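Each chain carries a letter (A, B, C and D) given by its place in the written order, and its residues are counted from 1.
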Amino acid sequence: MKQNEIISKIIERFPSAVILITDDKQFSITVDENDAVTAVAYMQMLDFKQLAIITAVDWIEKGKFEIVYNLFSYEHLQQVFVKTLIDRKNPKIQSISNLWEVAGMYERDVHEFFGVEFVGNNDLRPLILHNWQDKPPMRKDFDSEAYSNKVFGNFKKEKAL
Amino acid sequence: MINTILRFILMAVMSMSVGLLFMGIGRKFTARIHRRYGAPFYQSFIDVIKLFSKQSISHNWIMDFGVLMGLAGILATVMFLPVGPFNVFGHMQGNMIIIIYFMTIGYLGMAMGVAASGNPNATIGIARALTLMLGYEVPFVITVVLLIFINSSSNLSVMVASQAGGFMRWNMIQYPFAFLAGMMALQGMLGEQPFDVMIAPAEIASGPMVELSGKLMGSAFLQHAAQIFLETGIIVNMFMGGAPNIWIFFLKQLAVYLVTLAVAAIFPRYRFEDAVKFFWQAPTALALIQLILFLI
Amino acid sequence: MIMNSFLFVFIASILTGFIRKKYNVLRWTIFTFILAYLSYMLYTLYGYWDYSEVYNLMKIGGTQLSINLKMTPLGWFFAFFTTVLNGVISIFSILKNRDEESERGIAMLWMILSALNIGIFASSDFLTLFIFWELMTVVSYFIISPGWTKSFKSVNYYFILSLIGAYAMLTAIWMLRADPMVNTFDIQTSIRQIFIMWELERAKAMSIIVLFIVAFFSKSALMPFHIWPAEAHAEAPDDFSAYLSGIMIKYGLYGVLLVIVPVLSFITHFSDSTAMINGIPVFSYLMAWVGAITAVVATFLAINSNDMKRLAAYSTVANVGYAVTGIFILSSMGVAGGIFHIVNHAIFKSAIFISLAAVKYRTHEREMHRLGGLAYKMPITFLTFLLGIIAAAGIPPLNGYASKWMIYQSLLSSKFPFLTTMIFIASTGAFMYLFRALHSVFLGQLPRKFDDVREVPFIMQLPMLVIMGAMVAIGIAPGLILKPINVVISSMGLSPVHVTYFDMYSLISRVDALTVFLVFCGSFAVAFILYLIGNKRNHVEPLDNYTAGQDPKEFGLTREMYHFAFKFYEPFKEMFKPFERINTSAFYDSIERGFNETGRSFARLFRFSVRNAVLFFIVGIAAIIIYGWFV
Amino acid sequence: MLLTSSKDLKDKGLDVVLDFFRKKSLWMLHYCTGCGAIELPPTMTSRWDMERFGMGPMATPRQADLLLITGYLSVKSLKRVIYTYEQMPEPKWLIAFGSCPINGGIYYDSYSVINRLAEYLPVDLSIEGCMPRPEAIIDGFTKLMKSIDKGEAVGYKRYRENYEWYKKNQAEVLERTSPVLKEEVADETK
């Protein structure tokens, strides 16, 4: 299928979706929070078999998190970003770990660094950070430098050795 | 009696120090092949002294005992090697069957010591080494049996005596296929490339040596040195006509050792199943050809 | 005197059956004393080579059937060392069987078996030999399958192969008896007659020899019959495995030495019309090859087995292979080396099996990969096993090497390059599987569940110490055993080998075992001095290991997980994948099925199972013997 | 400051002789945490040839004398480095490599990268640069050899003697139980 055929199919299925074409190999779809999982599942049905990554963007001014699903199709040689905006105060979204097994791992990652809750994923243990007690570090309101100064005591411990 | 004890101690010291010297020269040699400057030729002595001066760890008494048994086994084997005119015991000098079997106790000791450390990397290395041993023993044993048959004696001194009278009388010229098989087997015995898969450093963290430290590592080092001395010595006695004095003997040993290093410097590593298959094909065939030629 | 002692043992064994389970220790102590008595009895018989006993049973069709017992040097030698070794093993059994369920029957049967054992070695005609042989088979059959219900299937191999051997032997004996030239059961006469028959009727003599070979090889588990020991040893009681492997498997070799070797040496020396290779008959050469191939095949099977008793059983088969190769070389060096190896193997394999039995006594575990690290808890057992495998791999200061050296010397001096190579390969392989057993059971990480395992009690350590002492002593002074062996092979018509207590000589070299031992001690001293010079050594915990920086406890790594023992030589096994289609046990399985079907149809007739039929067979034989006794 | 240790830390006697052999045979374990590891292959191979000083790479901490921290060190790897360092038998030395282990380098404000390695482990020598060139590395190694010869590089003794101090610093980053930036979290909820 060509890119425009895919896009027309998507519009047919999700009339409210906002589609942004980057070039002839890449485009993005922004859908409603409620449609997000359906959209990803639909894309999987359209032979977008590879889930490259799940990530999140912190739009602190808008008070939103943007969850981005990065999909790729070897059949159509197309890359697509399925995006959705969710509330920043109480970030919750349905898990897609039943569609891709690997999604569970990406969701763990996003959960650890942004604090997004994935409903339906039972395994959201911390993955990368060591013994993390503070708020999720990738949020824009987390002050990394203050943290670093406080914990690693930048030149504050001049005593002794 | 006192004489024998003195010769015994001399032989022990000589085998280890000459082996270390060979290792140092070998390192320089390999470095020059790589177009490097390389470590000084006495580097191995420094390494050993440093290792003995370091503290070491051990998990239990079997580890210490095993490593000591490894060194002792190889040293005991060296005692039966005729080094030119220098003999520790007159009467059973160079009995090949004793040498082959005595070598095993060194391997057993080392294997036991490192297996007692409880690190699976060490045990994997040992499993590979033992499998490889089953590989290179085949061509080596055929070669040894052939030479025993030629001389009607399992005595290395007799084999040396039969090669007296110039270069053309050497077994290496007379039985070239057997010599090739023996050299390939030597490559495996010394664990040089392409047969160094048991000590693969990046894959299984240097295999058997993974938990050895300080003086235990030093003992392993000395064992390897004595092993180089022993195995090159066997080849020199079997194929290169021994030597009239010990210095020429050392030179011949060094030549053999440098040949293996030259091969090692340009080869990558075999997987060990493939190494065993290789040993059962090319060198075994060569040794068998020589044996059949002899029997005909 | 011999028969009276048998009666005494028989009655004693019946009486011990009445001892209550509470006093198991008493029963096994009596067993030990009976074996001491038997050993003493044999000791007093030494040198009386014309001593004989005859008990007439009955006349059938004009033939006097009788039990003839006679002490020959060969028989005495075997009888004495097996009985002494059995006594040593029985010390181990005293405590081992204290709480066993099914031991009552085993004690009784084993006592009878030790008497039958002497009977086999003392019998001077084929009929007596056959009677004792079969009784031994049946009795041991019931010991191997304790409780009569467990492990019945695997023991069937043993029974079927024994049956094949028995039929072959009976046919051979019948052929000899029916032949007008021979017409006797007497072994010594028959041997001479077989040789004459070889010259006159080659085919008939050949078939008799082959039948005997089948009988003996099936008992000793040579090549086509090599699978029963693995099945039987694995299921037998642990202490009995030592007896089974050390002694019982050697009956076939005794038969070879008794019948085949004299015939073949007659042929070698006096026959002009026989094809020879390097001075031995072609037939003998082929049999030596059977031994060598057995050694190699059993070695490869042992490398791939995961059960420690199976591994040891295959190792036994391999060692029998060496001995057979040596014996069929027919030179005095070869035969002496073969007999010497039989003795040595009995000793070191008892060491291995006893230490494995000690491990099982404490851990109740048989699969090697579930064990590990027991050396730190059971040092004496570990040392026994270590010395056992050093001897088994033929490494110098211990006994196994002396006999292997003799076998090599015989092969080399008789100029058999390929046989030598085969034996060498088997020997290197032996090192592989023995180290695997050593590592998996005794080294590596100690599983948590064995944290409170202790060393076995002193009474059980005692036989281990005795056996270790014997291994070292024979290793230093091979003359201790080789001098009696010289008497044996002289009586077989071979020239004695040249040996002093410490030195062994062959045509092409000489070994001074004491010097070899001292050299090893000296080298160890040198290594130890170097060790003392070095900086201090710190003790660390077993799990404080190189783990690429990861703390094992935090990672959830347990000691069991960090013990590499399962599928130890898997890539090596992969290399032999094409050969896996050749499946000997499937063949025997089909035979077993055939037997079972036949048995079932019999059972339909008699409403008895096969086992009951076997029982009837014993009762029948016993009835015949007792009948003959009184009539 | 790091290299000035008091003379009384040093053992007298045979160590003077043995230090000569120790400095001539430094076997190193490079813990490839960061980008610095890429500078080592050229240092080892034909162009700069580290082996002429008797140095060489080793596979496990048991055999090594020298631990190289090549580049930034995250909190998670700090734990592994400490475990590795404690597994090495004495005498042992530690080299901090590049700017990051000295003061955090370009990661000075990162929430997951430590700023000063010397607070957690006794650094015997620091080689600065981002990244240090092979010449700088070799210069650093020769300096370390000199200080070993003088008996000044005794980081392992310092570590042994000030064990509690080091452990306290390590625990501060590794075993935290409460959030660090508490007030700001409270601010955000308002």
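Keep this in mind: a contact is a pair of C-beta atoms (placed from the backbone, for glycine too) under 8 Å apart; a residue touches a chain by one contact, two chains touch by 3 or more.
This structure is a prediction, so every number in the text was calculated from the model and none was measured.
Novice: Can you check which chain pair, B-C or A-D, has more C-beta pairs in contact?
Specialist: B-C
Novice: Please find which chain has its CA centre nearest to the centre of all protein CA atoms in view.
Specialist: B
Novice: So the centre of each chain is just the mean of its C-alpha atoms; given that, what is the distance between chain A and chain C in Å?
Specialist: Computed value for the inter-centroid distance: 70 Å.
Novice: Can you compute the centre-to-centre distance for chain A and chain D, using the mean CA position of each chain? Integer Å is fine.
Specialist: The separation of the two C-alpha centroids amounts to 38 Å.
Novice: From the C-alpha centre of chain A to that of chain B, how far is it in Å?
Specialist: Distance between chain centres, rounded to whole Å: 60 Å.
Novice: Residues of chain D that touch two or more other chains: which are they?
Specialist: 60, 62, 79, 89
Novice: Can you list the chain B residues in contact with two or more other chains?
Specialist: 53-57, 205, 210-211, 214
Novice: Could you tell me which residues belong to chain A and also touch two or more other chains?
Specialist: none
Novice: Which chains touch which?
Specialist: A-D, B-C, B-D, C-D
Novice: Considering the complex alone, what residue numbers of chain C touch chain D?
Specialist: Of all residues in chain C, those touching chain D are 538, 544, 546, 548-551.
Novice: Under the stated contact criterion, what part of chain B meets chain C in this complex?
Specialist: Per the touch definition, chain B meets chain C at residues 5, 8-9, 12, 52-60, 62, 64, 68-69, 71-73, 75-76, 79-80, 89, 91-92, 95, 97-98, 100-102, 104-105, 107-108, 111-112, 115-121, 123-124, 126-127, 130-131, 133-134, 137-138, 141-142, 145-146, 148-149, 152-155, 205, 210-211, 214-216, 218-219, 222, 271-273, 276-277, 291, 295.
Novice: Which of the residues in chain D come into contact with chain B in the complex?
Specialist: Residues of chain D touching chain B: 18, 21-22, 24-25, 45-46, 49, 51-54, 57-60, 62-63, 65, 89-91.
Novice: Can you list the chain D residues touching chain A in their complex?
Specialist: 1-2, 74-76, 79, 103-104, 108-116, 118-119, 122, 158, 162, 165, 169, 172-181, 184-185, 188
Novice: Enumerate the contact residues on chain A facing chain D in the complex.
Specialist: On the chain A side, the touching residues are 128-131, 133-135, 137, 141-155, 157, 160-161.
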